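In the two complexes below, subunit A is the common chain; its partner is subunit B in one and subunit C in the other.
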Partner chain A sequence: MSYVEVARLSPAARRRRIMRRRFFRRPLAVIGLFVSLTFVTVAVFAPLIAPYSYKETDFNAILAHPSREHLFGTDALGHDIFSQVVYGARASMEAGVLATLLALAVAVPVGLVAGYYRGWIDPVIARLTDALLAFPFLILAVGLAAILGPSLKNAILALGIGAVPQLIRIARGEALSLREEDYVRAAIANGASDLTILRRHVLPNMMSTIIVQATLLIPILIIGEATLSFLGLGVQPPATSWGVQLRAAQDYLFDAPRLAIYPGVAIVVATLAFNLFGDGLRDVLDPRTQR
Partner chain B sequence: MGGFVLRKIGAALIVLLIASFFVFLGIRALPGDPAVALGGEDRDPQVIAQIRHDYGLDKPLPVQYVRWLGHALRGDLGEDQRSLSVSHTIITKLPVTLELAGLSVLIAILIGIPTGVLAAVRRGKVTDYVSTTIGLIGLSVPHFWLGLMLITVFSVNLHWLPAGDYVPIAHPLSNLEHMILPAIVLGTGFAAVLMRQMRSAMLESMGSDYVRTARAKGLSELKVVGWHAFRNSLITVTTVIGLQLGALISGAVITEQIFGIAGFGRLTIESVQQRDYTLIQGIVLVAAAGYVLVNLAVDILYSILNPRIRVSGRPT
Partner chain C sequence: MTAPLLEVTDLSVRFDTDDGSVHAVDRLSYTLALGEVLGLVGESGCGKSVSALSLLGLLPQTATVTGKASFDGTDLLEVSARQLRRIRGREISFVFQEPMTSLNPVFTVGKQISEVLRRHLDLSSRQARRRTIELLKLVRIPAAERRVEEYPHQLSGGMRQRVMIAMALACDPKILIADEPTTALDVTIQAGILDLMRDLRERLGTAIVLITHNLGVVADIADRVVVMYAGRKAEEAPVRELFANPQHPYTIGLLNAIPRLGEEGNGRVRLQEIPGRVPSLSEPLDHCAFADRCPRADDLTRSHVPDLERVGPEHLVACFHPGGEWRR
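Our next item is the complex of A and B:
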């Protein structure tokens, strides 16, 4: 029965099935995927999960210890910390995912053009990318955030732009090597248009590398958002994010270190989850790093 | 070899030139008239026009750029809002950050290289899983949070180490006492990166022909791993240290901010908070130049260490 089923599968479907099996054989990667999805779910359904609004202040419970009413206690303004951490997931996931998508949308086409067409355009793009890479990521992001003004939207823009040069380099490298593949040469010989070749042969074959890079970029950008917000260049109170919460917690390290612990642990767990997931994906999808 | 080095230097110069252009354009793209900003309270159109003329702001952009670059090449990065020389400010702050970076790299090497080797040698065993997982955790902990936690534990609760400030290196012991926590904060993330790179470089060289030959010759495992595989992996990892410099500078920015160390990183944040654009411009330019020059040095060092490049003159 199962033999018949396997035989009916297309080669691509069979490959996907093998990949899926390989992935699910890695417990750490599966845990990473599960926890990442949990964070995304928490971010999406934050208003349903959080017992209080992130803005709600309880002046009868300032810096209160954890209790049944306030699971993680309250902060100096009487905010419920658990609710704050839940809402904080929103800014982090938004920043991680949206900034990654933004970086991809810019970097992949540019890298494709540079690597596929070569000619004069390639060295120009390569040098420009090198020059952009010379700016340390955080300095670039801080500079951009300062120019654009502090807000979550601008932090996402700054982080996304900051991640572009690195991704261009990867996309370009992939396009450069795929261009030499026999099937691409065959397609050229068959008279396929550039657009068709890029869409049908080059782009699909670089997707696995790009997906791995994107997954590993998300945790970097989650930390990036937290850092910008911590410096006061990202999310602005009363809106909240883990970085904003840590910024406020700085003044209470002696009286209430838990204020710094909960959002910090949230960042570490979320980042670690995406890193585990990305590492597992890379092991499965990227043949060069197969161990 | 000589040609390779010359080509690398040429490429680095071009990159620096483009980077300087980005810096120049970035600041010019800002909203607001710099002449008005420089005029401060004085809104008299005549004064503004005079300032515009004095600073060459009435000239076309390319002329302004060449002028600015010419000054920058002679070490003159202009004056900040308080009329202090930007170059002087940066030069006085740099050594502090260099010390912090040096200590962090030292910590990173001491932790990252041995654990990376160990993980590769014990591949697939418990040691490997434990060290790779700890490495991944190291990558997932934001610098500033680790800093806050270390301050909470070692400064606020245990009173073992000071929570911040900087003591000049003239008092070595006190200086080290103040630098140790920041260096740990900055060094651990880097250690994680080094460990992962070292592990994969070791795995690659341990699967290579020369290691098989060494084994076939009957060399002891210690000699095979310690001499052949390790030495060749170190060459690969050298380049990582150069490429990670950007991350190190980024990390220094936030670490100095948390520990109140008045170095290059803190200067960056201050300049951004004060919207002191001449200062920001100088800082970003110096950071980019440092990155390009260090990577040039690493490239050249790599070509000296790696015989394949030395002979053929091109990277393999």
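Our next item is the complex of A and C:
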């Protein structure tokens, strides 16, 4: 695109262009983005990609070594490991994304109200989140999952709720500082209602921080899902996830370590990719880290 | 004289803090006529901004406001929060000191002005846009059609202040309160903004309360001046009268402190300052607030609070020993 054409773009489009260019100058962030997208695609199109169903057992090939029929070999029940890993991406992506959305849906409004209105509600919410933050995230999620009962849906619920306190803290902190901005004062002086101010002035200005936090939360929740499933609190066989596969692999750690290695590597690569993507986004969007 | 547009009577503002209460404004009264420009002058912390903010309920909750402020038949200090929101930006508008940070960075300036229009006047988005461009032209922003699409960070400080003024004028308010609108701008831009405000007053008939610490600005555009000191009115007079015949030693001190070029040997004139500091306002004073800094102070000033006395037809002063000359 020539300079003349760039100059003719609307300011909003120009801003997006600058952001995009800044992001694509970071090789690690770009790799993170593409690998994350690959995992999401694999999760969505799992039935098309996997050569076998995750339930299909081949009793002629128990604990088989990798071969042309079974790319990654098979497990003790004759499941094709490649297909298992592919289907496992589904549970992980679902948990990562849905639990993050759930956490956002709860935490952002609560944080906004606490930080913007202050009053008696703020210390109540702040101390409550502090108390919850005293528990390590995984302990909280494990406890909640144990109460709710084992299933993928409940694991997502538990992970989402477990992530709420830290997000509330971030949203509240942002609202707390944004309410003191001059443009908020100016909006009040112009007759804006609290709702307008929250919707038009406070929320949009905290969006970049929230997006970055959400992106960085996804890998944490992917690991969380794997952990819960590993402990038997998440996905239940015959449905599968990387955590379920790791759990099954325990008994064969010395005879067939590949059973653990393939899903393990999948977890590492997926979380690393989301983290790199999130870090890149933060560098671009979060004003505090701009150089 | 017709009934004033705004009549402030015995306005007091007290802040209750952990270290006791602060009497920021003490029984301040003034009136504002239709289309008049009133200058509210004083140094930092004299209560000039606080008194204006209190009119629209814009002070933090630690503030207690008493007195009366009747505008258009209603007492601004008594109306409900709902009514107040309708008055803010519609009848009485504010322009703040910091143009650099008073605009929301994530929306275009056009959107932000339209927002005010749509809120108060119930315009469609197309009508609001047309009116927004008109307003930007009114405040003399060149290429208004293009500027509406720009974000605040693409505008200079002077341009942003023009946008803020456009936003304040969006709904044709009866009163524009400008709180040091030019302080954050450099001098040539200041002149442009003042010029603009004078022009708007003439064209739209908007009454303006101009809060400033700069007597030069007041001389430029105000009709009448209220000089405040330590939360109280020290002197009030029409602008010509004030400059020709200042009575309060504080006013005289302020006038003497205006820097000027040249004269007396290569312009090496020491700037005249007012010695001493503003008294603490944590308790009501039992003597003249200016006594510690006043060359005319005596036993009377140190033991009694002076009342406002009329020394001319429209000239009030709160001093036991009014009168005097200033170096011009």
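Assume the second predicted complex is superposed on the first by the 280 of 291 C-alpha atoms of A that agree within 3 Å, B and C clash if a C-alpha of one lies under 4 Å from a C-alpha of the other, contacts with A are read in each partner's own complex, and residues count from 1 in each chain.
Note that in this section a residue touches a chain if its C-beta (ideal position, glycine included) is under 8 Å from a C-beta of that chain, and two chains touch if they have at least 3 such contacts.
Note that the structure is a prediction, hence the values are computed from the model and not measured.
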Which of subunit B and subunit C A:G191 touches, first, second, both or neither:
second
Between subunit B and subunit C, whom does A:G173 touch in the aligned arrangement: first, second, both, or neither?
neither
Applying the document's definition of touch, where does A:V268 land relative to subunit B and subunit C: first, second, both, or neither?
first
So, does A:L276 touch the first partner subunit B, the second partner subunit C, both, or neither?
first
For A:Y183 in the superposed arrangement: first (subunit B), second (subunit C), both or neither?
second
Of the two partner chains, subunit B (first) and subunit C (second), which one does A:P66 touch, if any: first, second, both, or neither?
neither
Compare subunit B and subunit C by how many residues of subunit A each one touches, and report the one with more.
B
In the overlaid three-chain picture, which partner chain does A:P109 touch, first (subunit B) or second (subunit C), both, or neither?
neither
For subunit A, which residues belong to both interfaces, subunit B and subunit C?
none
Can you list the subunit B residues touching subunit A in their complex?
11, 14-16, 18-19, 21-22, 26, 29-30, 123, 133, 136-137, 139-145, 148-149, 151-152, 156, 200, 203, 245-247, 249-251, 253-254, 257, 268-269, 272-273, 275, 280, 283-284, 287-289, 291-292
Residues of subunit A that touch subunit C when the two form their complex
10-12, 15, 181-183, 185-193, 196, 200-201, 204-205, 207
Give every residue of subunit C touching subunit A within the complex, in rising order.
56, 58, 85-90, 93-94, 96, 98, 101-108, 115-116, 119-120, 149-151, 154, 164, 167-168
Sort out for me which residues of subunit A touch subunit B in the complex.
28, 127-128, 130-139, 142-143, 146-147, 219, 223, 226-227, 230-233, 246, 249-250, 253-254, 257, 260-261, 264, 267-268, 271-272, 275-276, 279, 289, 291
